[in-house]
């Protein structure tokens, strides 16, 4: 025992000495997201999340410091994001890249970081197979499959939906989302009677023609996937304006349609919506309540956090973990990946972990319902599914099962 | 209730409501282009600013929705006057390319400008109670707001036609669209006419911007650019400077767009562009345009 | 009679020498080489600028020289881009073959659409070109089995001539590759412009009515130049995706059509070097404004808007016009 | 066929119910100096447009040196030898005078589609351009941008371009219109001195010009030819006088 204590002391002393031996270092990281244009609010929200984490955890890096250089990816496609990444890596010499709202942004960066071996922490981009494109990427956000399958099963088993119409924004995450939904829904005996592509992701369309079409099919449920951002409020309002609830059609979807930042603007239209998602700001955990409080203190009570903000926050937590692992030495991809594969964190959204195999996130998915309380709309968790993995990669469907680098 | 009547009425009512919106916003652009020969790509910016004024009045100052629409009409009409006087006027005789450059510059600056003030989030609006909910007509139910759009649109169209056909200033505008030199030679002050029609057109755009908030999912900075395409299409299909033509074009495109998305959602926006191409190839000057 | 003789001689001299190279024309190329050596961290941006110059040059052929205003030039840019990308994913990854195929594909589209659309002018043409592009974008989004839709296609090129790898990090070989293609495209366009064909285009721009009355089949000639322009735009599109290794539906974006038209007018139409100046200034404003002023607000958009407005009001022939004016003043002083 | 260089047969043009040309028959012999006069709205410009191919006739035919050119497009007719000037200057305003001529001549020589040889190497084109400029005493303006010329001199350029096309038939649409009287003699002298072998059809309002120049006159009223003959015949024709006096009454 004595020997053990002595050895421990030596070990501790040694650790302290080595820590002291390393010099204070500034870690430069690049943050790429849409800061202007149609998706600016997403980029700004993600940046708020990241900055909040940095503010609350200043001491976590010891004497090392971190400098975040923000670049605007402007449009959804690859070119601008990629030019920003190239410049960040080669000129600013950043050691890690993070941010990335749109999938094509993340995809375009992949070949670049494969060359430079720069680690990437994806805070949002949702197309399922993205981590397969580079061994240097981890993702802390979500995949469409996580919420999609669960809401599909829930609809068939617990919401009395025999038939459903699925409306989706016509782009890969949208297709991922309805494929996941169909997988879950039809697996439990439901039937998807119509799939309606509702325009591309660039613009918020008038949803009326699509919802009218859905209405004319008389399903029990209408599953809707639209990207986070501008679309959510329009979905709820159209649903209400067309009196679809009266017609006996239930609106369900992933939590993108009840995004916290959009929720209050939806008005009574949103009451009763059932969604599956990895986060909403009304989660009861202590971590979340502290997080929401800190967020509102920082950005004002009228600027609530949402899952995009949490993506930024958790992403920055992962970045910190990687920097701590480097501890004064250069932050290589090897160090970062070693630290982040299997990394666990008590996030506002609940416990999360990076799957060491797929480098994708494992997290809880919550079934929630929107209710009105004291003049405000809130979400109530009805059911929690723990440690949900990405089904697409588990089942090795299409590109999800392939190594793409 | 027959499913056929249901479908037909769905397409017509929703299509008509959208058509009214298209007309209200596009008519100003049509007049500007027909009367002054000016390619005003910043027309959508005035519509967008109208939307923001409406939202701000309703949500911040508690002004009733209808009053807010009127105020934003007047405000943007007035705001557009200095633009016409100090910017546009210099370019009436310059090339189309210069006009494109200036007005796209304005679009960029206005998008940035409203983001500085209101931020990038879409601004939403709560409707007054009398416009909430829907009306059940037996064979079909329609949102009250769409019915309101159609009625308001019809009144505006009627007012505009009356103004142009029966008033002196309307006659002057028609004369000037038809032949500017001739109009000037009979003593019409085309300079002042330009200013007023420009203000009127911008005000109409603002009205459309305000009316559109509810059905376009909120007003946001990129509005100025996103909907420009569709306004230009309406003007081109209708025939520049022709108000009747603009109305018919809005009607046809509004209804076809709705029907296309309703029956053929896979096609997305394809249908409306295909129709546009077809019409313009057969009648390059637009449905009712001058040859 | 003496002054008459001298004015005739002057006129002949003017006609016979104007196609010759001026020493000032070396400046952009020297700058391009300096950028390569001194700003390696900006090379991808610089490469993108070079591609945009090719694209803007192709547009200048029709807008600045033939007087055809198009808001849909990405139809050809995007088609070239997809052709290259699809060849690469179907086992023909050679970049040079990609370029050639892109040029041909875009030219065919240019012929088909030009033959039909160029019977119209003005707003109608503007709207039609726009509509064609947007339809192509819709198609690309709908047929995502082939195009990858919004997410696009990622691909890798083989090495140029089997020797030179298109570098994906420092963009050294890519930059040189694009610069060479730009140089060749520029020489090609410059030659056309100073040949009778180019003079004839200027005639069409200045007065199509009169061109017809001197015996020019205007529509046919417009189609020819449209096809040439489309082919070069196709090459630009192919380069754009080759250096980036991926293609998305954005290559058909109407916004990009708008941007390239802005770049061209900003720089100055109908003067070749306007494209160089406009594309460079636009992309630098787009990229560098945020590095100075930050990303909290869309300062870059405001900056571009302001520059466009000021250019229209104070530099009547685009930014290149300023240089021309300065040059003329310099000459007057010299005399 | 006669030896007429330009001939029309029952030329008709309707815009809907409105007939703007009715059964127009006339012919020009080589070297003709023919004028068409008529009150406003008589259809003179329509006739020019029919002859040059801007408009297609509703019925009837047009022959050039015996060849039916009715369905030919405007530019093809130019290649076959019909050239025109416009009533309102239709020039390349932003280009120099010599470039204005260069375009016309290059097109005629078939070199305008040449893409790879510099325009400056086409010596023959330049010589021709200079020759025409010298003939019309424009050579001092060769390097002036057309926009900067006086209207009268621009009018000369209009004529020069038409001549550069080496036409068999030249249609002059009010060649002195809009030119201040101080300058008009330059134009009229130039018109007087046009090569004799070209058949010229002049559309004119100004009777002084018509009687100074024309050897034959047609009077066009409401789309049809009311009278045709030598200048003296027309001047003394009571019907013609009635039309012109009638018009004068209205003015």
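Each chain gets a letter, A, B, C and D, in the order it is written, and its residues are counted from 1.
By our rule, a contact is a pair of C-beta atoms (placed from the backbone, for glycine too) under 8 Å apart; a residue touches a chain by one contact, two chains touch by 3 or more.
All of these numbers come straight from a predicted model, not from anything done at the bench.
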item	value
Geometric centre: closest chain by C-alpha means	C
Whole-Å gap separating chain B and chain D, where each centre is the average of the chain's CA atoms	46
Chain centre separation in whole Å, for chain C relative to chain A (CA means)	39
Gap in Å, rounded to a whole number, between the CA centres of chain D and chain A	74
Chain D: positions in contact with at least two other chains	none
Where chain C touches two or more other chains at once, by residue number	138, 141-142, 255, 297-298, 301
Chain A, residues touching no fewer than two other chains	36-37, 40, 44, 170, 197, 200
Graph class of chain-chain contacts, one of line, ring, star, complete, other	other
Each pair of chains that touches, named by its two labels	A-B, A-C, B-C, C-D
Partner chain C, residues of chain B touching it in the complex	33, 39, 87, 90-91, 94, 96-98, 100-102, 104-113, 115-116, 120, 221, 225, 229, 232-233, 235-237, 240, 266-270, 273-274, 276-277, 280-281, 284-286
Footprint of chain B on chain C - complex, ascending	63, 69, 116, 119-124, 126-128, 130-132, 134-135, 138-139, 141-142, 254-255, 258, 261-262, 265-266, 269, 297-299, 301-302, 304-309, 311-313, 316
Chain A partner contacts - residues on chain B that touch it in the complex	3, 6-7, 10, 14, 18, 112, 115, 119-122, 124, 126, 133-134, 136, 141, 143, 145-146, 214-218, 220-222, 226, 257-263, 265-266, 268-269
Contact footprint of chain D on chain C as seen in their complex	3-4, 7-8, 10-12, 14-19, 191-192, 194-200, 202-203, 206-207, 209-218, 221, 224
In the complex with chain A, residue positions of chain C that touch it	39-45, 48, 137-138, 141-142, 144, 148-152, 154, 156, 168-171, 240, 244-246, 248-251, 253, 255, 286-287, 290, 294-298, 300-301
